[in-house]
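Paired with chain B in one complex and with chain C in the other, chain A is shared by the two complexes that follow.
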Partner chain A sequence: MSVELAPFPVLAPLFLAAVLAALEHITNRHRILDLLSLATVAAVLVLDLLLLKRSFSGTVVYWFGAWTPMQGFPVGIAFVVDPVAALLALFAAFLTAMGFLYSWHRFKAVGTYYHTLMLLFLASMQGFCLTGDLFNMFVFFELMGVTAYALTGYKIEDSGPLEGALNFAVMNSIGGLMVLFGIGLLYGITGGLNLAWAGAFLEGKAGGATVAAAFVLLSLGFLVKGAIVPFHFWLPDAHAVAPTPASVLFSGIMVQLGLYAVARIYWVVFSDALDPAPLRLLLLSAGAATALLGAVMALLQRHLKRMLAFSTVSHSGMMLSGIALMDPSALAGTLLYLVGHGAVKGALFVCTGIILYHYNSVDEETLRGKCLPLKATGALFCLCGVALAGLPPFGTWAGKGVLEQSAGSLGYGWLPPLFLICSGITGGVVLRAGGSLFYGVGSANFLSSSAPSSGKYEEPEAFEEKGGTPRMMLLPLVLLVVVAVGAGALPQLQSSLAEGAARLADGKGYRATVLKGGAYAAAALPQPDRPGLAMGVAAALAAVAVAGFFFIPPDAVRPLRGLRRALEGPVALLRSLHSGYIGDYTAWFLAGAAVMTLFAIMSQ
Partner chain B sequence: MSERFRIMLYLVSALAFAAALRAAFAGLPDFGAYCGAYGPLVLESMQGMRHAQQGVAAVTFDYRGFDTLGEEFMLFAAVAGALLLLRRQESERFREPKDQAGDRAGIEPAPAVLGLGLLMFPFTLLLGIYVVLHGHLTPGGGFQGGVLLATAFYYVYLSGEYGDLLEVAAGDTVARFEAAGAAGFLLVGTVPLFTGHRYLQNVLPLGNMGEPFSAGTLPLLNCAVGIEVTAAFLLVISAFLRQVLLIRKGKHS
Partner chain C sequence: MNMLPFLVALWLLLVGLYGVSATKNSIHLVSSLFVAQSSGYLLLLSLGYLKGGTAPILDQVRVGSRPVDPVVQALTMTDIVVGAAVSALILACALQAFKKSGTLDPRRTPPMRG
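This part shows the complex of A and B:
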């Protein structure tokens, strides 16, 4: 009998987290902690790869404590590993490995439980991806939160990290509460916590207000994590101040796991009970609003990490729009986009970390023209800018291409232009920053130079040494770019994700596999078409155009002055909305929650 | 956002959200009308399959033991996070606490407080140990007992001996105990794997129902949680005390 691998991606990092917490008091040798952490992540990577391989031949169902369903009712907790679950877990492990590579040796991490918290974070993401149980999902959601809050506040010397961590903690705890409400409702109706059971119970029954409310409440919690408007306010506050390895994980995968959870619970539990049309409208409008607002806010930043954080908000909105189409092929495109975006955004955060390492600043204005010596980093930073916009052959291009094709065929022809705008802006801002930092182009522009949060001086997070950028900081950067290219260039990933998405979207098949056992019979799928190059190139050109617009000297062109006056009001309004006050954020949360819940209840 | 606008937005949204929740809750079964399959199944199976007499403990540590593992590590993570945030900054330094009154030689607790502390310490300790060890038999268990155990040490602090408490809790021993408690739960779960069973499967001898050594792994898991929780709360209180009493800005002496 072969050993079942399913629980080990969670158990291994949990165990090592405890061991390292004790070790930290015995040895202050950074190297040992680094080595053990990296070895653990490597082990998790291998485990996830094996699980992924196994999941393609059939969904792996693992009942903890051997509590298999009793008289058809699941009394225990199950891990249900299908290709999408395994792939997301694998990607989370990969990004964690990149974080550890970045922090190798030089990171100020002794006596701070850094390694322990990162491993706990990894374990929580693994569990969140692999579980097939709603309450277990909530447990890992909370564990993910607790570790993430602490990591956000890592640099205690500044007040920013503590405020960011507090905003993050309050908003995500409110989100957690919504998830708990949703669990309560769903348990009250179905009597079970297993996703498959709840789905099977609801299948074919008339949905009604209670079921709709359960879906919306669960989604609300996960959308807070997913930074969807109007629940996104915490994200820039937190991502901008977190240490680099944490930012890589937050923007690369944690936010997206919130969206994954919405997709998972929709397809497994609610897809055969609720009318999809109003839910599609609800999620799609939230996604589109998020994509636009995030992009515009990214334009207004001079603090590099805050700019990247708003860019994550925008891309998260695009991914929610993809999920909201509630269609397997759109879902496949979204997942591909998730991988491509995560790798590119991770690379950009590593670049910012390298800039911080050399100059103790992440401010576009202070650093203008100062980063000329960082040739490799500068080139990669700008490359990531066009990659973020979706230049072929990056994963962002392939994912967005697939998504746009299915959006077009589903009758949502307005989505591709919206994506083009948002990609153009978010990619263009990166190019603008890259141009001014590494090549000294442009000058203080009227949109971002007045931003209240500048990041002019930031506490260093690593011990600086003489000489250039440490190789161990460049290594994750290069690896991330390679993965970003690979995600788009390899047609295998696209076809695997098409199969994975089809299986995720097959609620009936999932339920039958979990509750009745038996192998999952995958329907043979036709080889999906490769996305066209035109939209990708157009988006990259749009990004270049956006950056070029900001490189025009501000007083050279007369109409610019008029534009500047016209935009003053809206810019000030947008800035004042993102006030940093937790009271404001809570009020917005409640407003969004009320609108969404009422809409869902009345439409079902 | 102005104060007025925020409050108005909040009130209107809260009312609308409350109305939505009310409509949603109306579709739930009536109070007391339990129609789920879970309760009966657990109550029917736990005595025969696990020799367990307490449903809550059986669900927490056996049927859904994996959730509890996650929750135990949540506390572990919270403590690690608290210690991370409360650590001494590079610009700060440790300083011996000084009595602010100035007219006393040292800190002397009042006799009544000292006496009560001395009296409460052993009994709270004993109660904590009892609650942990009987977690699978009576209400309570590792989480509750662990809090009681930590409370016993809080009495040491309350009776004025906070130096003693800091010495006990700030040392490495408590941190190691905490890690051992957390890892212990995890390792108890891995034992069945060596005999080809599932993670956290209850494969130990089940004993006679109602006895201290019964219900298989339940007492072991409760003990692991008890150790973890005790150590966790000691670490947190010592971190807070250190922050308040010992850590000062480094610039001026």
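This part shows the complex of A and C:
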């Protein structure tokens, strides 16, 4: 394979998006559009696979227009494909393929540029993963944003999607603005926009406050995308109302790409210029707070998609904690967790899509016991619940296990128990919902039944036809579960990711490969240990225990009533914080941004 | 280096975000966001500005004169294009929300959150 193929994962979907937009006017277009978009995604998958294979033997550096560096200064724009970039691009393409399979021929409003938007979204994610240029990254970040807002507000005749899209768009535009400020600062300091150049310029210099401010401003923007407390408010509003295929992509990969960007700019640009200890403290505390708050908020939901969205917030916090350890092996665990979580969460959103297809509702209370006929979906939904908690051999187990091992060896012994709590809760609420929907157990509980957003009546996404669930809806569900198992069960993936993470964390090697050319000389890595089973089983048991707690009949046990009274105040407070008003969200953003920027500047 | 443009950029950013968070009108909210976005253009342009610099048309630059930085101008142009796309989309959403709810006050429509 030649290096020249590197830009095609972006170019192919961009081009086809334009072609499909032109084809919108022909009659009987559904099948043609579906086939063309699936073929495009398949081509992108193949390209990404080739790039991944190639990147293991050496980082692929592609200079647009053959503008190679002149006397060491990069004048052109580069795509830099190392294993992690290629793997994330591959995973994004896979999830897009699952989205297209789900919407195969049945999407109600297909015809108003749905395929075009999805392909544009795919192209921007590919570009965001593969680029080695900061401004390029910003443009793909914004393109990803614009298509995502449009997809969120896709059901434009509903007020929920509209408000969700508006919240999403405003918050992420503010985030993008922070990225732009960060780019401005960094360009002012280093005089270049190439990541490798900026890193090489800063290498060995004392960072100081300006460099720290640049890092924090860039990170702020990406953390908004990554839904980190206190910038997470837009996520549940948007993910809960987006069409199912878009939700799969948002929760499975888009949010995590924000975190990936933080890791990438840290290791390539700032790792040799800034003191890591205060940054680690900053990111770790944000991650831990996000993990806890997301899990608690997931407990308080009866709207299934909103519950899953908050669970994404929680898991995003766990992933940020993994990145914040600033250690290659923790990074490897985080990446493995990203793949496992993305597949499981995608499967859960597909399950909710199937429920929505049959019952026009995603409300846990009104649907209690009504979904009994959906045997296969119910079983897979509950399986995904324990998988989300991290039952072996799912990818979530393997990733979390690796992460916990390295957290322990780095002296962060409190992280594994925190992860256990968060995975137990987020897995447990899925089991609670699964039990009540598909098996009719439990009754209205005092935590979630009072939720203001119920999802009782939702616009259908597809015209229901006689008979059971269409096979083309079940196919992506099964494929996602298979990938979730494969991510954990295959030791090859773990060792490849260990190598990928080591190379992502090797800022010097990255810079040398981009600026000076030449193959990347990978250091020999020790074969990483497989994670232990105990923590995974414990998390799955915790999830079952959480679900079991909700299946206790209310008022059966006396202490429960006291607990209920004690929790009323905090629950109301948490609900009122998530008010749904852009103004409040912006105020939270300003407060969080001010604290983070000041802390980083003072500490350097 | 003159600090004034940077202070103005910071001022635009803060005043824009204040508008976003305190407004009682969706269209005003979107306009405030545009104000905040314009701070980015100002920041970028002032980074490349040189007092007495000439336009960066490199084959016509006279000997001895210094052209201003063309890269930040290209960035600003790109950002304006990106910003226009985002703004158009947000405005369309705000208008549609007005048609649905009949009010422009972002705080009056009951939220479905929590």
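The working rule: the second predicted complex is superposed on the first by the 597 of 604 C-alpha atoms of A that agree within 3 Å, B and C clash if a C-alpha of one lies under 4 Å from a C-alpha of the other, contacts with A are read in each partner's own complex, and residues count from 1 in each chain.
By definition in this document, a contact is a pair of C-beta atoms (placed from the backbone, for glycine too) under 8 Å apart; a residue touches a chain by one contact, two chains touch by 3 or more.
Nothing here was measured: the structure is a model prediction, and the numbers come from that model.
A.B. asks: Once chain A of both complexes is superposed, is A:174 in touch with chain B (first), chain C (second), both, or neither?
C.D. replies: A:174: touches chain C, not chain B.
A.B. asks: Kindly classify A:492 by the partners it touches after superposition: chain B alone (first), chain C alone (second), both, or neither?
C.D. replies: neither
A.B. asks: Given the touch rule stated above, what does A:300 touch, chain B (first), chain C (second), both, or neither?
C.D. replies: Once the two structures are laid over each other on A, A:300 reaches chain C alone.
A.B. asks: Now for A:527: first (chain B), second (chain C), both, or neither, which partner does it touch?
C.D. replies: neither
A.B. asks: Looking at A:587, would you say it contacts chain B, chain C, both, or neither? Reply first, second, both or neither.
C.D. replies: both
A.B. asks: Between chain B and chain C, point out the one touching more chain A residues.
C.D. replies: Between chain B and chain C, the winner on chain A residue contacts is B.
A.B. asks: Considering only the contact definition stated at the top, list the common interface residues of chain A for chain B and chain C.
C.D. replies: Residues 135, 139, 142-143, 146, 149-150, 153, 156-157, 162, 165, 181, 187-188, 576, 579, 581, 583-584, 586-587, 590 of chain A touch both chain B and chain C.
A.B. asks: Which residues, counting only chain A, touch chain C once they are in their complex?
C.D. replies: Going through chain A, the ones touching chain C are 135, 139, 142-143, 145-146, 149-150, 153, 156-157, 159-160, 162-163, 165-166, 169-170, 173-174, 176-177, 180-181, 183-184, 187-188, 193, 236-237, 300, 451-453, 575-576, 578-584, 586-587, 589-590.
A.B. asks: Under the stated contact criterion, what part of chain A meets chain B in this complex?
C.D. replies: 1, 3-4, 7, 11, 14-15, 17-19, 21-22, 25-26, 62-67, 70-71, 73, 75-77, 111-114, 116-117, 120, 123-124, 127, 135-136, 139-140, 142-143, 146-147, 149-151, 153-154, 156-157, 162, 165, 181, 185, 187-192, 208-214, 217, 576-577, 579, 581, 583-584, 586-588, 590-591, 593-595, 597-598, 601
A.B. asks: Which residues of chain B touch chain A once you look at their complex with the stated criterion?
C.D. replies: The contact residues of chain B facing chain A are 1, 6, 9-10, 12-14, 16-17, 19-21, 23-29, 35-38, 41-42, 45, 62-67, 69-71, 73-74, 76-78, 80-85, 87, 89-91, 172, 175-176, 178-180, 182-183, 186-187, 189-190, 193, 196-202.
A.B. asks: Which part of chain C faces chain A closely enough to touch in the complex?
C.D. replies: 13, 17, 20-23, 26, 29, 33, 36-37, 39-40, 43-44, 47, 71-72, 75, 78-79, 82, 85-86, 89-90, 93-94, 96-97, 100-101, 106-107, 109, 111-114
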